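A quick write-up on the structure given underneath.
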Amino acid sequence: MTLSDASAVIDADVRLEPALLTREDRARLLRYMTMMRSAEERALSLYKQGKVPGSFYDGRGQEAISVGAAFALAPRDRLCILHRDLGAHFVRGVTPDRYLANYMGRADGVTGGKDGNMHFGDRGLGCVGMVSMLPDMACVANGMALAMKMRGEDRVALTFFGEGSTANGQWHEAMNLAGVQRLPVVFVLENNRFAYSTPNELEFAVDPVRRAAGYGFPGVEVDGNDVEAVFAAAHEAVERARAGGGPTLIECRTMRMHGHGAHDDMSYVPPELFAEWEARDPLETYAARLLADFGFAAAEVEAIRAEVRAQVAECAERALASPMPDPATAAEGVFAERWEPLGDGAAPWSGWADAGAAAGGGPADLERRVA
Amino acid sequence: MAAQLTYLEAISDGLRTEMRRDESVLCLGEDIGAFGGAFKVTAGFAEEFGSERVLDMPLAENAIVGAATGAAIEGMRPVCEMQFADFIACGFDQLVNVAAKLHYRQGVAVPLVVRLPSGGGFSGGPFHSQNPEAWFLQAPGLKVVAPATAADAKGLLASAIRDPNPVCFLEHKGLYRHVRGEVPEGEHTVPIGEARVAREGGAISVIAYGSAVPLALAAAEQLGEDIEVIDLRSLWPLDREAILASARKTGKVLVAHEGTAACGVGAEVAALIAAEAFEHLDAPIRRLTAPDVPIPFSPPLEAAVLPQPDDMKEACRELLAY
Amino acid sequence: MAAQLTYLEAISDGLRTEMRRDESVLCLGEDIGAFGGAFKVTAGFAEEFGSERVLDMPLAENAIVGAATGAAIEGMRPVCEMQFADFIACGFDQLVNVAAKLHYRQGVAVPLVVRLPSGGGFSGGPFHSQNPEAWFLQAPGLKVVAPATAADAKGLLASAIRDPNPVCFLEHKGLYRHVRGEVPEGEHTVPIGEARVAREGGAISVIAYGSAVPLALAAAEQLGEDIEVIDLRSLWPLDREAILASARKTGKVLVAHEGTAACGVGAEVAALIAAEAFEHLDAPIRRLTAPDVPIPFSPPLEAAVLPQPDDMKEACRELLAY
Amino acid sequence: MTLSDASAVIDADVRLEPALLTREDRARLLRYMTMMRSAEERALSLYKQGKVPGSFYDGRGQEAISVGAAFALAPRDRLCILHRDLGAHFVRGVTPDRYLANYMGRADGVTGGKDGNMHFGDRGLGCVGMVSMLPDMACVANGMALAMKMRGEDRVALTFFGEGSTANGQWHEAMNLAGVQRLPVVFVLENNRFAYSTPNELEFAVDPVRRAAGYGFPGVEVDGNDVEAVFAAAHEAVERARAGGGPTLIECRTMRMHGHGAHDDMSYVPPELFAEWEARDPLETYAARLLADFGFAAAEVEAIRAEVRAQVAECAERALASPMPDPATAAEGVFAERWEPLGDGAAPWSGWADAGAAAGGGPADLERRVA
């Protein structure tokens, strides 16, 4: 591989063929982003009311990334979702009540109180809950992809990580192995400008997406606040992986609009940066686009917001009604009695609408569907 | 002269005092500069000492411990901050294989400190609540300290910084703001390897460290019994004499810590006593620790796993009644 | 039907048998394919099973353990080879934080095995002689086995592969070619969590595992005394009943292993006995282990550090005479 | 930094200005390479005679790398030398008797028997003995460089690693930190085609030298069998680092001509590969060049070889006469009583000949000397 090829950074500003997304898909994209925003706002208020033990983290401003990326996955694909990616859980079928209950340490939370905040994943929906150590899940996603490849399945593993995590050795080990074995894995890098309080300049000398070349697979840069751009890049990467084309690193440029955690006042962030990115809010800009470019009526958009608000409110009640776990179970479950497969996740994208696709799916079905 | 400081303030005070005293003292860690650290131990340090001496590192623990090792060899006195003690698993190799063994293998001294905000009790969950100290005792070449009081926190940190060896400094997050006490102003050191008799007594000995010390002292007061409480302070080297003296005196020993049981520091202390003070024992050696499970997040689950005041009282009562 | 195999051959036999039985069994490691592994455990495997199932991995232990974790979740049964047990420090985070805790936290089973060629005795030096088992007992969620015989090596490896949890399989390099014995042909499993009475006796109990087992048996024979030898085989879960039964029977216990003392498995066993069999003890609980130092390279230094036959005999004599 | 700059791989086939190396320097380069070759041959025979406990590793075929790179260092610079780099120890002043004694576990070995084979470094000569875990010393070299930079010293740390080790996460953590902090460190990558038995194709998809760009510093490729090319690249990198220009990654292309260790028959290596590289033996080709291009007489070259043979033979006797360490010392030295600085190493290059350079040195003195 000559240097120039190796270094090519694909620019995914290319608008995707509109055919890929139906009107209903676009409504869904807005709905999931709105659900993430509302659920996190509700969780934050619960935290401020003292109903959330420990600390609180959200992904405000980054909603387009987890929603757009997860939207490209088939039911049979697998995910490791990270701490700014609540939208991906919702896309795969987790309901806000189980998210809120998890944050509150309730029995009906996804982990039943065993783990907290964003350290959860619904095994029944094809997700492995993240660990705190970053970016360890990238190595785990590799392993899932390795199993898929060995068995000749046209399935894909997708995971996320922040730009700060790319400084960790495990990021390199994951990228290198994925490149050597051409694993069907998609790496979504969320560059939100900061790792906790640490700005990009202290994290790396060269933007990590440019490192993809050094691992032998494409690095793609997209506007992380444009849900359709993220979907387009993820879709392309997923199909490449499915077709045996190996891994892709997608860098989504965005901005973390809240503190690292609720305890963090972000005094280290220049205010103008907020102003700049506030204007690029992924929900607002997408809603505007639905009205301007895709013939949505203001009432439709408002209806989506209202529905979501209602659903989240109802979910919060359910979560608050959930009991605390029984202390007697605290020492249970350290060891497994048997292995069981993960379940498949929801795949709301119309590309998977026909059962066949959901079950087997893959590029073929896809083309059929899209044509 | 002494001031009333919290355990957390005492750590900052100790670190600041050593940095003023010796310009080779250097802090390395994540978010310790402009942000002052996840727990604000180094708040204001970058302003006073400059961001080079309070260096914000990339998210890479082996790089942090490894850089500290190299800098220490070249004459600096690096103090690494793990954002949470749990993350030492990510810098484990540099610590146990490089830093710990260099003097034994090559005669190269490695004066570094790894600060480890450890322990649970506030729903930190399985990755922000661990007490990793026993791992270090299985890595010859490391010294390990775990202060329980504000004064010891300052004094042991100063001693750790001045020590020519790698020292793991376990600072229990549960003590940060809940423990406060008299702390000598200015330079203050506490010798590594010396336990402290936190409470004199003759009926039973509670040998503890870290968060288990206040737990033991509270239980002793509430029970109003003749309970001796030994605060180990240093986990390696262990103060064998202090441990054995108390065990021989009371003949009844409860070893207590928050970390999990299997191969924990409590196991080592119990084994030491069972070997060296056997003739003086009047009761089985009991341990009060977390069971061998990850630390769960939800308050009722966490409380069921971490030693609670009632557990401590119950364990003391049992031993007194034996 | 049984064959006479070395401990090393028995490991290969066990792995080969499981790979033939279950096509989801997969080997991941460095130089295990074409080369057959640093110790030739997988010699010929790539030819029989294909290089995809005997995958040569890049020099990256976290990537190996992490890939095994993901593959296990997706239904494979990965067996990772650390080229030397010492290198687990480089894959430590994935093992203790990801694999070990996934079931407790998320209900996700992780059926993987990490093969750990461990131990010294042949001038491997500070990085090729370690016995890291105690670290794993301080990481809840891991099972740990350490066979001492060829039959147990095969049987425990098979059980480890079939177990739905992460299992650390400690294979002592010193036993590879020096231990040989009857090994059942075809499928053979040994239950995890069950110790073995290697030698019945009533005067003292030597509770050992790995390389300390042949050492204890040899000492018992040479001394011609009524010594019981318990081979733990599984270090986690520990066979508490077997340990306590022997301790109560003889009342005199020597715990022996090659790993360093502080917070070692021997400390846990001694602490368990001191708590649960106290009334039956007639003597202090002794430990025979390596001292808390790195394992030196030069033969006379290494011999001074690792437990030797004479040390074992001396320790038994002392206890018998007590 | 734009992608193209970032990716530039400097090609160091540029012949260095002859002025940099005196006739005597060239004789020294041949002498050190010959010393490495002879000492390792002698050690191997001692191993075969059963006088070397444990295992045996050498760097046959790679002599030009450790000799050429170490030759560019000033006394005050610091090194972490790896397992194929015996020549660097000799350049810095270790004598073959202490190397042989170390392999035999004798009291007069560099580590006094505490550590074995190539896991040694003479602290008195500015070297930190490597650990087995690869490439951990790269992180340590960073730390030494960090201390030098903080104190404003014009000193440099240099370390080596094999291409296989670049797959490990610590390599990435070291490269990334060096790039972010622009540390005065030189990384010498020895690509000898194999990591133990593992060929390049299974180690990485893209040659690691191409990754330097992704860390924001130059990657340089040189013929690892050409001692002057290695010296030229190292000299340039050392001076860049000294002048505050930050790190350099130098890839030396070579071939491991022996097994990973003496136990390894290398059956996995295609024989033609040996033939190809045998013809490029760094000692033979350099000797030929001294005769052809630099007016050396055959007798001179032969004299160097004879001297070295004699010295190594004498050193072997001394090593064999060295006692085994006292078992009573086995448990000593786990903890240090005090910190002491490393000593300075020998710097045989004529560029450091005048005391001033040896003491303070740096680019200035250098130019003076070379002009």
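As written, the chains take the letters A, B, C and D, and residue 1 is the first residue of each chain.
In this text, a contact is a pair of C-beta atoms (placed from the backbone, for glycine too) under 8 Å apart; a residue touches a chain by one contact, two chains touch by 3 or more.
Computed from a predicted structure; not experimentally measured.
Engineer: What is the shortest path, in steps, from subunit B to subunit C when you may only step between chains that touch?
Structural biologist: Graph distance in the chain contact network comes out at 1.
Engineer: Whole-Å distance, subunit B centre to subunit D centre, using C-alpha means?
Structural biologist: Distance between chain centres, rounded to whole Å: 41 Å.
Engineer: Which integer distance in Å separates the CA centroid of subunit C from that of subunit D?
Structural biologist: Chain centroid spacing, subunit C to subunit D, equals 38 Å.
Engineer: How big is the gap, in whole Å, between where the Cα atoms of subunit A centre and where those of subunit D centre?
Structural biologist: Centres of subunit A and subunit D (C-alpha means) sit 46 Å apart.
Engineer: Of all residues in subunit A, which are in touch with two or more distinct other chains?
Structural biologist: Expected reply: 111, 114-115, 119, 131-133, 167-170, 173, 176-177, 180, 202-204, 334.
Engineer: Could you list which residues of subunit C touch at least two other chains?
Structural biologist: 57-58, 60, 62-63, 86, 89-90, 93, 97, 101, 104-105, 126-127, 140-141, 292-294, 296
Engineer: Testing understanding: with touching defined as stated, what is the shape of the graph linking the protein chains, line, ring, star, complete or other?
Structural biologist: Shape of the chain contacts: complete, all pairs touching.
Engineer: Under the stated contact criterion, what part of subunit B meets subunit C in this complex?
Structural biologist: Result: residues 86, 89-90, 92-93, 96-97, 100-101, 104-105, 126-127, 132, 134-135, 137-138, 140-141, 236, 238, 255, 259-268, 270-271, 273-276, 278-279, 281, 283-287, 292-294, 296 of subunit B touch subunit C.
Engineer: Which residues of subunit B touch subunit A in the complex?
Structural biologist: 30-31, 34-35, 38, 56-63, 83-84, 86-87, 89-90, 122-128, 291-294, 296-305
Engineer: Under the touch definition given earlier, write down the residues of subunit A that touch subunit D in their complex.
Structural biologist: Interface residues on subunit A, with respect to subunit D: 1, 3, 6-7, 9, 167-173, 176-177, 179-180, 201-206, 208, 210-211, 213-217.
Engineer: List the residues on subunit C that touch subunit A in their complex, please.
Structural biologist: 26, 52-53, 57-58, 60, 62-63, 65-76, 78, 93-94, 97-98, 101-111, 140-141, 143, 164-165
Engineer: Tell me, which parts of subunit A touch subunit C in their complex?
Structural biologist: Counting only subunit A, the residues touching subunit C are 78, 111, 114-115, 119-121, 123, 128-129, 131-133, 136-148, 150, 157, 169-170, 173-174, 176-177, 180, 333-342.
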